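Each in structure tokens, the structures are laid out below.
Two complexes are shown next, each including chain A; its partner changes from chain B in the first to chain C in the second.
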Partner chain A sequence: MIERFNDRNVVTGIIQLGLILLIITIGGFAYRASGRPKDGTAPPEPVMAGAVAGAASGAMVALFVIVVTLLAEAGYVARDMFESVTPALLDILTFQQNPWVGSAIMIVMAAGVGGLAGYAHRLPAEGRKLTFLGLGTLLIVGLAAPIVDVMVKGLGLPSGWLFRREGLTVAGALLVLVVTVALRWYLDRQGGFRRAAAKLPGITDSNIKKVGLTAAAVVVLALPWLVNSFISEVLGTVGLYILLGLGLNIVVGYAGLLDLGYVAFYAVGAYVTAVTTSLVGYLVTDDPLRPAQNGWTSFWLALPITVVIAFLIGVLIGAPVLRLRGDYLAIVTLGFGEIIRTLVLSDWLKPYFGGPQGVTDVPAPPPASFEFRQPQRLYYLILAFALLALFVSSRLKDSRIGRAWAAMREDEDIAEGMGVSVIKYKTLAFAIGAAVGCLGGAFFAAKLSVANPGSFTLLVSINVLAVVVLGGMGSIPGVVVGSLVLVGLPELLREFGEYRLHIYGAILVLIMLYRPAGLIPDKRRARELAEAKELKETSGVAAS
Partner chain B sequence: MTAAPTPMVRGLSTRLARLPIRRISLIALGIAIIYGVVAGTTATLRTGKFDTHDWVNFLVQGIARGSVYALIALGYTLVYGILLMINFAHGEVFMAGSFTAFFVASALAGHGFLDRQPIISFVILLLVSVATSVTVALLLERLAYRPLRGAPRLVPLITAIGASLFLQYTFRGLYGEQAQAYPEIDAFQGTVQIAGFPVTKEQLIVIVGALILWLALYLFIERTRTGRAMRAVGEDRQIAALMGIDVDRTIRITFAVGGALAGAAGILYVLLFNQVNFTMGFIPGLKAFTAAVLGGIGSITGAALGGLILGVLEAVGPTLFLTGTGIPSAFQLTPIVSFGILVLVLIFLPGGLLGAPEEKRA
Partner chain C sequence: MSALLELRGVSKRFGGVQAVRAVDFHADLGEIVGVIGPNGAGKTTLFNIVTGFYTPDEGVMTFDGQNIAGFKPNALTRLGMARTFQSVRLFNAMSVLENCMVGQHTRTTAGVWGALTRNGHTKAEEETITRKAQDALAFFGDRLLPRQNDLASDLAYADRRRLEIARAMSTEAKLLLLDEPAAGMNPVEKEGLIRQIGRLRDERGFAIVLIEHDMPVIKSVSDRVVALDHGEKIAEGTYGEVASNRQVIEAYLGKAAAQGAGG
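Showing the complex of A and B:
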């Protein structure tokens, strides 16, 4: 599996992703190992320390290669147990040499990388920042090369000298590096982006936000026409997750209730829309073999029905269990998600939900002449509803309801004492979250023309949770960024596709460990988490 | 200007508002469920499709399955008892042991050792599985949970979910995504008669094994110094520390013990189900959690009891309650029985069968 990373060019013909991952790992270790020790002892000689640390990590890799080779010679093939230990992986780790020579090269290279990483400590802070920024941008642009390529072409510019075979050319790589570093350096000189932008003609401090928003709106609207239909479709999927994320954000972020069965509402949205609009024979006509001309209703009528039903189901599921404490609630909602999936899968309800096949033949939203299924059009449709959801949730946040949620989240007992009806507001959060999330389901059914149980597994709940957590619980821009990063990127970086869930898991853990308020923290939420941490630190001192 | 409601209407509406709607609807729900179960059961029994023999069979299956749940549930209960957190990744600890031991089992089977020395092989498998599970549990505690001690409750829970996913896919990366079938141990095949009813040897081993492990754990917690330290830390971490108990060490031991039981459960599980893959831990983990809640989380006896009840209800329930009602393929609805029990227990009996009544903790 890992060898597939090496098919991916970052700078075509020179650097592949596999090599980069290796270098980043070794360099990262060396960088940390050569830094100033925490206990305040004298700083080590950073280049030497880095080289030693690098060589040590290289030696670990070499040891692994040699052990595997020796075992294989003795008749024990490591691959029988460890599936990923393929000959191709060994080839990468030995630079296509024999194991001994390869190991030697590996150690020397690792020492070099480690030394360079150690040298970074010697650079002045500004230089170090610029170096990391430049290399980071290079990596991102290199990985995103296929998309950027399409977009450059979409603008009608020649792109052959920048990109070749899904990677940057050497010229392109240099250009990216120089432009990034120069731009950042210039902006730092000017005292930041806002200051620099304010010097442009026609921009003042007061309208800069407006100009920025307008620019963003133009980009968002023009995007489908710059890229091909595959990317438009990916953007549509991102939009679906934005809808789901906004819905879950209300439950988890605003009200502080961990819902692990959120997929239930996604499923409700898809199934209600599908059942009410599907043309499939058994739902509409008496003769199961003859497909109907029309479903029971059209998509646009089904949408409000779906929202109402999802809202009611949210109340029904929420009301009895919302008195439970946080972690019990998580498990119970997870149970509800599984119950709903089991129900739609069962033979018992097959006459309504079609069993494992699901409900098929869901028509596209009318009018038929507009062809909503075309990815670009669907993008606009989803965009419109995502904007609506954005508006609703940003207005909710500072409304009376939103403030009640915040109070409840910070301290349930005090909120109750202040006259906030905890049960009422919890139920409301649950139901509104359900109503927003079901829109995602409705579009899913309309997009794929089917609602089938296979699409509504627990993993969806966890994906949406990861989106919300990465962006920052309670943060609306966070949901957008989270969806772009977690849903958009893996679709585009096919090599990571298999590792997607692996990465989701790691992200959930790492974010909680290092940045619990997320990438774009919501101010109030960040403060709550920081306070809890302070408390923990003071009580930790008392306990130890 | 809105017209003030007339006194009579206001009286009615306040009186309506004072009605304990929640309680009434819960009681109605309870009655409906009891009615459904009783009606379904009588209808099924009246069809006469199954005789005593079948029911005993279901029951034994359920007890065997429940014993595995109980062992995993002990891990949840131990950790919850001390840290008040749900170790969501515990199912993956169970999977890690079972999946790793598979490769040892197939190597042993390849050399014919498995059939020549079934008991020794079984012990080896058990040790491998336990060692792997303990390692994973300790790593999990050190890397994911320890830094978060004292953080808001949501934080370690999300971490645990992430860790669960991460572990699943790490093991998928290591061992591949196919399901693997454990080699069968010939000596463990066949049935024995107990009170006139046939029980497979494998089921017997599972039940007896789980019983022994549970007893060992019980004695460990109640009789040893370390066990006492664990209980003390569960009561009050700070005071335990003041009394000279090494809190970190005690928590580590708790995770190790829970991991060891999960590892053992992993081997007993394959005697019943035979197959391993990287997602195998998730559903048993959830069910074990249900069992722990059912018995009263924090209680060792409760976890065992909850596991057995859940196992039996799962094996007997769908057939007993639903066959008579004419629902096709009732066994498909098993998850509804298990998760339904979880929901109902939490609504009606939040403390579980043997747990202390739920108290609110910040």
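Showing the complex of A and C:
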């Protein structure tokens, strides 16, 4: 893994991702080890403690290298059992020296890193924050270097002095570090971003929101022209997940119904659109062996039909299932997700849904001359519908219906006691969620020109749920950011092959540890979590 | 006075436990009825049956002349019944005002289309809801209204009890069922509550049924008192009559004590 990561420059020629991971691990241990002990005993001398902890961590690595070397000399090849222990890995861990010299260097380096990590405790809180922020930003920009590079070029600026071979140049690294630290320092002095922005000419307290929105709109609209078509493609996928996320957010976030089979509506959207528009002509000819060469209708007509059908299926599935609560509901929805997938896969419905092969020859949205399938153009199309879904979500949230959902989520019994027809509003949430999410499926089919069962697995349900939960349940901006992080990031990490899921997993864990209410928590939701915590802390007193 | 709520021979059994046995009960317009009884006497079960949370095994229930057997809680709210809960159960992550706005749910009609377009009807309705919710909050003077935008969970305990009542008032009910509204209140707060319950009837025209352990509260507000024990109605009448009833004293203090007191 380290070997693979080391192919990736962060600051070209100076430091690679593999080494950075090693340093972060050692530094992290040392930082924790040299901090103030929780039991209230006297704090250690941080630099010394850090250096000792660092050296100890380094010694572990060195020990590993030496054991592997000695085993190899004795005729046992560690790689037979641990296939990642390659000569290249050993080269990295020994800094291309012989094992003994390399181990010594490793221990010394680790002690140095540990000492520095310990020294961080000595810094004033602000300095420590700025240091970590600067280094963190440097790492992110370094990792995202290929994308940032493309964007800088897209703006027509020279980028050669900033980026070289998928990494930052030394000059670029220094620039990032200095700019980040200086900006944060300046903003802190000014009392936050908002205050600082209000000092700019032409910006007042009243129009600051408008200016911000306009700036965001410009960025969103300009994005496809700044990046290459691969990244536009990724952005399109992110857009699909925003649609799905907004739909599921209504079900899970607003109404509090745990739906593990949301992929069903994604599939419904894709299949209805595919069947009605496919050039194979499923609804035009009776004989699938002789394609009709024209679809039953065009994408634009298929879209409203898809929405209506998804809504109806939402009602149909929802009405019986939603009498269940909590865990039971989750399990049954899980089942329905699989039922839909199995149905389209079945021989029974093969004449209509094409079995395992799926529905093929789905045309792009007309007019054909506009070539909607180009990633940039598809991006705008998806963007338009994502905005529509955004509008629908936010309007519903601040309405009588949104209040009924919120009440139901908080306490189903009491909501019913206050006059909310629980079954009706659950079904409504389910159906509207289905109608929004099916749009994602419709675009998916139009984008790939095919709807096949392999695309609608349980994993999609889980991913969408992760987007909603990590973004912040019930939070609309949370869904957007969640999609960017959880869908965009793994696509950009593709170069790390099988290890990208490790990184993805680590990110999930970190987000949930440090932001349990989500990246951008909904105000209500954040409050619920805080309350649960208080309850736990005052254990029993408030519960009685 | 005509009976607003009437129960005849209502029973409810949970497994081997007869929680409520053949209870006759009624509450009239403009009346405050106190329900007392030792813990486990079946008072809250009776409330849950009346408000549709439980379905009775036997018996007839009518509200406002209509047979309400098998009605769901939300349907009963629409008919004009609203309740509070023994353990305060507010929508904690919603604002004080929103809690009351939810109470208006059955009196309003805005649907998906209204929510999306925010048309004139919806806007007018939202304004009405807000006004009525604020009116309910204003009933408690400056306790709730100034805090209308705070989260319900941020309120002090007694205010949360008051908000439960305000939320029930917002449903525009004819009958309020209050489950131990004075629980956990200090003597000053109880004094206030007694006045407020009286005003609920006199100014707002609610009929009220309340469960309460606090005898001074029951004594002060009730027009009529019903005593339950082991799921059965053991006494009914004015506070004085019920308080001196031998069976009631036995239920609270045990047989020996009742004999010692000389009946």
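Structure notes:
Assume the second predicted complex is superposed on the first by the 460 of 544 C-alpha atoms of A that agree within 3 Å, B and C clash if a C-alpha of one lies under 4 Å from a C-alpha of the other, contacts with A are read in each partner's own complex, and residues count from 1 in each chain.
To be clear about the criterion, contacts are C-beta pairs under 8 Å (C-beta built on N, C-alpha and C of every residue); 3 or more make two chains touch, one makes a residue touch a chain.
Values in this document were obtained by computation on a predicted structure and should not be read as measured data.
A simple residue count on chain A separates chain B from chain C, and the partner touching more is B. In the superposed model, A:A72 makes contact with neither chain B nor chain C. Of the two partner chains placed by superposition, A:L519 touches none, neither chain B nor chain C. By the document's definition of touching, neither partner reaches A:I24: not chain B, not chain C. Applying the stated contact rule after C-alpha superposition, one finds that A:A407 touches chain C and leaves chain B untouched. In the superposition on chain A, A:A506 contacts chain B only, with no contact to chain C. Taken together, the two structures place residues 413, 528 of chain A in contact with chain B in one case and with chain C in the other.
Within the complex, the chain A residues that touch chain B are 1, 80-84, 252, 256, 258, 260, 319-321, 324-328, 330-332, 334-336, 338-339, 342-343, 345-348, 413, 423, 462, 465-466, 469, 499, 501-502, 504-509, 512-513, 516, 528-529, 532-533, 535-536, 539-540, 542-544. Interface residues of chain B, counted against chain A in their complex, comprise 22, 25-26, 29, 85-86, 103, 144, 147-159, 161-170, 172-176, 237-238, 241, 247, 286, 289-290, 293, 327-329, 332-333, 335-336, 339-340, 342-343, 346-347, 350, 358, 360-361. Partner chain A is touched in their complex by these residues of chain C: 51, 53, 72-74, 77-78, 82-83, 85, 89-94, 98, 101-103, 105-106, 108, 110-112, 114-116, 118, 122, 125-126, 129, 151, 153, 167, 171.
Listed in rising order, the residues of chain A touching chain C in the complex are 391-392, 395-396, 399-404, 406-407, 410-411, 413-422, 428, 432, 524-525, 527-528, 531.
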